[in-house]
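The following block contains the structure, expressed as structure tokens.
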Amino acid sequence: MKSGALKMSWARQYMPVLGEIRKRFEADKPLSGTKIAMALHVEAKTAVLVETLAAGGAEVYITGCNPLSTQDDVAEALNDVSGVHCYAKRACSVEDYYEAIDKVLDVNPTVTIDDGMDLIHRLHTERRDLLDSIVGGCEETTTGIHRLRSMAAEGKLEFPVLAVNDTPMKRHFDNIHGTGESALSAVMITTNSLIGGKWFVVAGYGYCGRGLAKMAHGLGAKVIVTEIDPRRALEAHMDGYHVMTMDEAAKIGDIFVTTTGNTSIIGEKQFKNLKNGAILSNAGHFNVEIDIEWLESHKEGFEQRDGIDTYIINGKRINVLAEGRLVNLAVPKGMGHPIEVMDLSFGLQALCSEYIKNEGSALSGGVYDVPNEIDVAVASLKLKSLNVSIDALTEEQKLYMNSWDIGT
Amino acid sequence: MKSGALKMSWARQYMPVLGEIRKRFEADKPLSGTKIAMALHVEAKTAVLVETLAAGGAEVYITGCNPLSTQDDVAEALNDVSGVHCYAKRACSVEDYYEAIDKVLDVNPTVTIDDGMDLIHRLHTERRDLLDSIVGGCEETTTGIHRLRSMAAEGKLEFPVLAVNDTPMKRHFDNIHGTGESALSAVMITTNSLIGGKWFVVAGYGYCGRGLAKMAHGLGAKVIVTEIDPRRALEAHMDGYHVMTMDEAAKIGDIFVTTTGNTSIIGEKQFKNLKNGAILSNAGHFNVEIDIEWLESHKEGFEQRDGIDTYIINGKRINVLAEGRLVNLAVPKGMGHPIEVMDLSFGLQALCSEYIKNEGSALSGGVYDVPNEIDVAVASLKLKSLNVSIDALTEEQKLYMNSWDIGT
Amino acid sequence: MKSGALKMSWARQYMPVLGEIRKRFEADKPLSGTKIAMALHVEAKTAVLVETLAAGGAEVYITGCNPLSTQDDVAEALNDVSGVHCYAKRACSVEDYYEAIDKVLDVNPTVTIDDGMDLIHRLHTERRDLLDSIVGGCEETTTGIHRLRSMAAEGKLEFPVLAVNDTPMKRHFDNIHGTGESALSAVMITTNSLIGGKWFVVAGYGYCGRGLAKMAHGLGAKVIVTEIDPRRALEAHMDGYHVMTMDEAAKIGDIFVTTTGNTSIIGEKQFKNLKNGAILSNAGHFNVEIDIEWLESHKEGFEQRDGIDTYIINGKRINVLAEGRLVNLAVPKGMGHPIEVMDLSFGLQALCSEYIKNEGSALSGGVYDVPNEIDVAVASLKLKSLNVSIDALTEEQKLYMNSWDIGT
Amino acid sequence: MKSGALKMSWARQYMPVLGEIRKRFEADKPLSGTKIAMALHVEAKTAVLVETLAAGGAEVYITGCNPLSTQDDVAEALNDVSGVHCYAKRACSVEDYYEAIDKVLDVNPTVTIDDGMDLIHRLHTERRDLLDSIVGGCEETTTGIHRLRSMAAEGKLEFPVLAVNDTPMKRHFDNIHGTGESALSAVMITTNSLIGGKWFVVAGYGYCGRGLAKMAHGLGAKVIVTEIDPRRALEAHMDGYHVMTMDEAAKIGDIFVTTTGNTSIIGEKQFKNLKNGAILSNAGHFNVEIDIEWLESHKEGFEQRDGIDTYIINGKRINVLAEGRLVNLAVPKGMGHPIEVMDLSFGLQALCSEYIKNEGSALSGGVYDVPNEIDVAVASLKLKSLNVSIDALTEEQKLYMNSWDIGT
């Protein structure tokens, strides 16, 4: 077996939810006649989703959503799958990146699947001619959804998009466990740094942030949380973490991970106060949370190796991982989210693709929640694969839950 | 100082949020002319809320919401506070209990504050004559809110009620930390049982349940979670707990705590499979989660001491705490929620009372969310008391958050 | 059943190790002809040890080892057990306390069991006439052992004493889990204070200290550790705690627990810097770790309730639990160590009593380690009661472990 | 800077203890005239130790202690350091491996530093002619020490060896934190597997095992511990883990890590019961804990990639990492122990080398404990680098600790 196929074989064994869905897709071909355009991180787990969609009868056209996250051997293996066309290339130029996006769109897709709304953005700006044939789309990230909602609020989103990120499943598993474990292990393996005893700074106490805080804490770090929302700040405090402003954290922190989805979280003001040897990384979607531009234009010295750029500022070493890009994907050793987590997220994607294909034309432009029954179905498939049984409400209990005059 | 006053003095030092509110209330008297009817657990922390409301100019009439949670010395001390009338008595009969509720209602209150909707239930059944003078109410518990929503759905709720339980603040602090810590310490101090190494069964993985699971886990227990929702079940699984049905858990568990808000969670079927020495307790609102009635009618032997009833069933000892009532309040050594948690919940209550007094007459009957700004205000007061500073969005960041065409 | 007997019935169900030993003792009467003098905390768990020793044929004479830890109903129940004589009384005067110790010694015991070397100290000072008839003794506490070693080093210990505290079993279970859980729950239930988010100061990172640190951390506290040993200090640091001097901790801490076994850990210098509302408690053996004397002579005001003394110093409230005595025993709601932990410690005591009775006369004066096989036997009895099986070395593995020329 | 030098520059910034020692060594040249033979993992952290020893005036001759752990670029960089000669090569043949060991010995060293007693073993078998010139040695691993003690017990160890592994510092930091974090992150990054919710089996509850258990637990795993010692088994149980035999664990486990230092921990009997997709790895010293030989001779199918060998046995996939070698070093992405941990271990090595050079000739053959003051000195250097201050005993406290007649 070649390396890309070996990677897919590895991933497949830990993706029981997609495995169950594939069985049904292979039998029923519910996606026949659908052309799916995808812009996702092209690596082994995504490939298992792609082959699942193809097994359901879809033609799949895929490119990357980040220049550094594509694995070329997996891209090659995907092109061997019947019904799949992959255009992603690692470390391609910006021009090549958009050219690949255009190739994916050139086929006149009916359904889009995005991780950061690259396809949808392109369709609403440069490729508006294609909007008509789109039945609907799915978006994977918090950041993408947030921006789609802004777009919808301005009345500018022209087809229905399922907010795959916004389901309870996605929030709890992909964000808390997926980002938590994978960003932490990426930092550990890249820096060879101890976590125990360290001051570990997490910017943002959303789902990604609380996953990271919990994991780092579990390894013995002293966790600092920065926040803008007083309630989340207080939650972090009562969960045992240290809450302070980023200005204060900058002076204390050993390792920083940003998860805010916002821009300029660590910038000039903080850089000047960092301790020698401070490690900065980003687990939010875009590479805007650390102000790399400032560092590039003010450094006194520079060392570069294996996903780490060391800037010398005021005689102190500031170490930035993966150029401030998504650390769990963009460092050389990064593997992205754990396989089992992507099995859940991509289980949702597979079922959402089927839903949008069937129901999309009945919906107007806007952002839609994933239907609750899809979310529950994925959880149930996973529990089944774990041989975990749970309780069901008895008739007596259903009655009790719906009454207001029993029990006093 | 007498014992009730000493208890209030103790509580007051750990309630900085109510302290700040009281300063403003004393100066501005925003509750002048309001008659507040309350049915809450009458103990020291509640007493600090009551004196805060009275400081704001209200006349307060209060009774208990549970026959076993009243502390008579605190009730006595409350009657010494100007503007306050307390009718609660510990271990009173059911008749006395409702008589006290009626006394509180007899004054023609304008605002109600409930912990389990006793007052609202009474007003909508036996005392409908008083409904007209009510401006609105506040309800403290999940269970109460749940039933109020059923009532509203049937069109039977005649005045506006603020769902104080449903705010992010209340869920995170009162349910997770309040119930978590206090139910656990009540079980520990009542049973003298070790937690480390034990199979600790938590029924329900809502906010109360996950607080308890986390705390017991933090002491070294092996935590079992039972659930009816596949997604919550999967969350519990990935958080490191053991998910199974209550039937399975019954055979393994050492210590059980129910937090479902539903009825008959542990009953005949489970009782017969429990291990000798199993400890059963309830941290949900009503004493219906453990089927005490069945135990009472099938026991072979019985020992009773200090909040523990030991039933002998099939030759094995089943130990039930506090007759299946709220364990953190109803065991003899129970102290209820930690003071700092009630400072937050009662800070909300104080500000909600002010809001409902001012805005209630403009609202129709139904259940209302607590206004977001009240929730945030309480969090901010608490952070201030902790000397914790947090970040604020810069103009650049606000712009970024609201745009959809920057960053790609 | 009367209250003392009910308490013993409760404890017995969670003491499977003593239960197994009692079966053998009842059959074989290995302690026939032995007079055992004991000074232990007289409560239900101790009572189960006492009845076990009596079941083995011993005559047992017991008094308390702390004026505040005796439970009078248990003392009464013990006097109903055949072969047992109990002289302990709660809250007795210092004179009565020593009179009871003398009564226990008056019977000319052959074996002593101490918790803090009260009996041994008395025998080596006021009652040297009785030394001749003593075969040997057992000491339960770290502090007692420490002082016995000093005594032995000076050649002044006249009979053999088994250091029951110094076994791996005792250190890990009694100190880490026993003190950890019970001191924490005693503080929680006495103060009604939240642990989550608090600065929780543990003085000393020995076994008791690290138990407490881990448990408080597990509930969400930010743990501060003070130490005098750089290695233990560094361990605490890497375990995720904050290490600093007590002078620094005094300014930050919310809740303090001392576990050093030493004197004057928190005194004038620290008192003056404490935050308003600071809570001080002691989980070490003697009430010398907090300088109560200074507080008594410098207080501006005072409130006293339920195991809490509030001193007003420089206008700030300092809250001391249980007068600085062992907090898990001496607060009114204190239950001492968890039952299961004492089952292990008292299992050791029972087997050590048997050993010292049989082997003591062959040993010269001094402190002796508990024979390893006794320690292992207790662990094995406990595992058996839990239905836990473990591996055994294969012949191949034994060979490998003992060779130095295999494997390279 | 070339890649080896960049790696050393990276490591150096997180090794403050070696940094402080180097300053003194450079000034005083305490190792002048010493020839040090070393067999250690040749990577960046070791290189910083080597340059420190060379800075102290030693001539250093070094080779690897494991064919897969050498980093060739670091070996090259070491040869650029004045006074250092490096013979290690990655993935060399067994012959080349021993040839390199011989080259190191050919120089007639006076001091040896071993990681697994390769040099000492060779000196006592093939190269006995060189024994005379050796002043003494240092051994880094538990396994090495264990075997040296067997050797010494047989009277066959001919020079003094400091048991660097056996100090409190080494046990707590290198074993608990070093192995714990690095083995876990190596497993995570190699398999891309989620840890949360998994059954994570740790064989052996020594220091390495409890580090791993704690870390995996901290990420949400359900930890199973296998043991042969009832006391350690019970400790694991009370720490919240599941204790069982390896036979039982084999049927349940998702991820296995062996840490016993013994042989054949997972073999035929277990292989046949593993779940499909089980992941096996070893964090003990030698590759004997998993019976690779059996797997090689019974496999039905095989896939090989990136440090993972997948054997198909009875139709199920068994995934073995790094051929059963030390997983944190031998997987392609492995980085070995965290830098800060090796700073402590190598700080000990540096001071022990100095000690053995000065004192070795006065000692007879045997295994010696590291002098306590060296252990304390390293801890103190580390605390100083962290700006952590700790308490010192007062005169009053010293007196109290040494007396047995104060306090009752």
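Going by the order they are written in, the chains are A, B, C and D; count residues from 1 in each one.
We take it that a residue touches a chain if its C-beta (ideal position, glycine included) is under 8 Å from a C-beta of that chain, and two chains touch if they have at least 3 such contacts.
These figures come from a predicted structure and were not determined experimentally.
Engineer: For the interfaces B-D and A-D, which has the higher count of C-beta pairs in contact?
Structural biologist: Spelling it out, more C-beta pairs touch across A-D than across the other pair.
Engineer: Quick check: how many Å separate the C-alpha centres of chain A and chain D?
Structural biologist: One centre to the other, that is 36 Å.
Engineer: Using CA atom averages as chain centres, what separation in Å is found between chain B and chain D?
Structural biologist: Distance between chain centres, rounded to whole Å: 52 Å.
Engineer: In chain A, what residues contact two or more other chains?
Structural biologist: Residue numbers touching two or more other chains: 177, 194, 196, 217, 220, 237-238.
Engineer: Should the pattern of chain-chain touching be classed as line, ring, star, complete or other?
Structural biologist: Here the contact pattern is complete, since every chain touches every other one.
Engineer: Which residues of chain C touch chain D in the complex?
Structural biologist: 116-118, 121, 125, 146-148, 150-151, 168-169, 172-173, 177, 226-231, 233-235, 237-238, 243-246, 248, 261-264, 286, 288, 375-376, 379-380, 382-383, 386, 388-394, 396-397, 400-405, 407-408
Engineer: Which residues of chain A touch chain D once you look at their complex with the stated criterion?
Structural biologist: Against chain D, chain A makes touches at 1, 3, 6-7, 9-11, 13-14, 44-45, 177-178, 180-182, 184-186, 188-189, 192-196, 215, 217-220, 276-277, 303-305, 308, 310, 317, 333, 335-336, 338-341.
Engineer: Looking at the complex, which residues from chain B come into contact with chain D?
Structural biologist: It is residues 194, 196-197, 217, 220-222, 237-240, 242 of chain B that touch chain D.
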